[in-house]
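In what follows, structures are represented as structure tokens.
The following pair of complexes shares a single chain, chain A, combined with chain B in the former and chain C in the latter.
Moving on to the complex of A and B:
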């Protein structure tokens, strides 16, 4: 019998705005060590986290791109973004750091419902 | 002293997801005032509906380093002027006061 619970982590913050996104990724990596299946949803301003060419050194901070690129190694490959957020910020043609599946507005609620646990920092 | 010379530099540091913040800030602007976007606020320059997200016709500036750090250098709306730290200080000096919308 499979008692494994499925986990969704929701990121909502842009780059360099607090430690919530980094904490969320730490949870993701931790779960993967215990073979808990994790999906990531980059909601709203969090899509900016996925932009290439972030030059965090000019403001003497660290961006999350190295961690994001390492997710694949931890078998965390289910990443989701909303089509609406890409349109709002005109990022439709942008090459993002992660290979994300796109959800429409109407799919969001059903998508969230299918998970056993949702962490939304 | 006439109030027209007492202009204000308005500074925002949050994204347009905080819509009320932008509305309140822009409602508080008068002739001669200017708006500066710093930190997360520079993302506002990517808004598809730029004018409804930042409802003002006054000059809008963004801090160059914050734009570069976020990988937005060639994505910002052309109405936004990029400035460096020295120009930031200059803006603070030429206005009578600055107001932070944080």
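Moving on to the complex of A and C:
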């Protein structure tokens, strides 16, 4: 089943902040199986999800970074972050788990508008 | 226009599911079609047949059933979200060796594929989250 509809999933929370991180990634995997093109936007504190070495066992939480790394196998390769968020936390994009495209604040609204479906849990 | 609804918030401690219900009623009144309501995240907690709503309050889950019967709406509960919160149908109760099923009659446990299908089949997907 093919579709012309594009899907943008917006993540806004840091790692381990709530079940919406996991639930959003599950939607990404579920929809890509149905050939819906999926893009991910990591907004604000969600850039922390993209850091390596989460050491989630220390707080007895499930590490989502293997799922993030598996996105590529599902043909989910379009990941976006804001330049401003990288600067705010002094992160380099080479340090991130995924190969992300950076957007500026002024590009954001237009970027979101180009998708048919936007889910922001 | 064909709409589908994605529910994500707790029915008992947030307003958004009430808003979703009222949105759905209005859309139907205006001649639109609601294809599917997909219960995800905390919203699945309310789909228990063990839930008891105080007599002077409205049970939103019952209202969904009424609407679904009237307007042929598919009520789907995400199976992964439900099982981890203890909302089980007979099959899942057997699979996980639990004493009984407790999902409310009229709701179907199914996978995220039903959300993907809702996206494909509908003109709009509206999320009612936190």
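One rule holds in what follows: the second predicted complex is superposed on the first by the 116 of 121 C-alpha atoms of A that agree within 3 Å, B and C clash if a C-alpha of one lies under 4 Å from a C-alpha of the other, contacts with A are read in each partner's own complex, and residues count from 1 in each chain.
The rule we apply is simple: contacts are C-beta pairs under 8 Å (C-beta built on N, C-alpha and C of every residue); 3 or more make two chains touch, one makes a residue touch a chain.
Keep in mind that what you see is a predicted model, and the values were worked out from it rather than measured.
When the two structures are aligned on the shared chain, A:36 is found in touch with chain C, with no touch to chain B. Of the two partner chains, chain C is the only one touched by A:23; chain B is not.
Legend: residue contacts after superposition of the two complexes on their common chain; A:48 is shown touching chain B, with no touch to chain C. In the overlay built on the shared chain, the residue A:117 is in contact with chain C alone; chain B does not reach it.
Across the complex, chain C is touched by residues 1, 3, 5, 7, 19-20, 23, 26-27, 29-31, 33-34, 36, 117, 119-121 of chain A.
Taken together, the chain C residues at the contact with chain A in this complex read 6, 8, 40-41, 80-81, 111-113, 115-117, 119-120, 125, 127, 129-130. Chain A meets chain B in the complex at residues 14-17, 44-45, 48, 51-56, 58-59, 61, 63, 87-91. Of all residues in chain B, only 15, 17, 39-40, 43, 46-49, 65-66, 68-73, 75 touch chain A in the complex they form.
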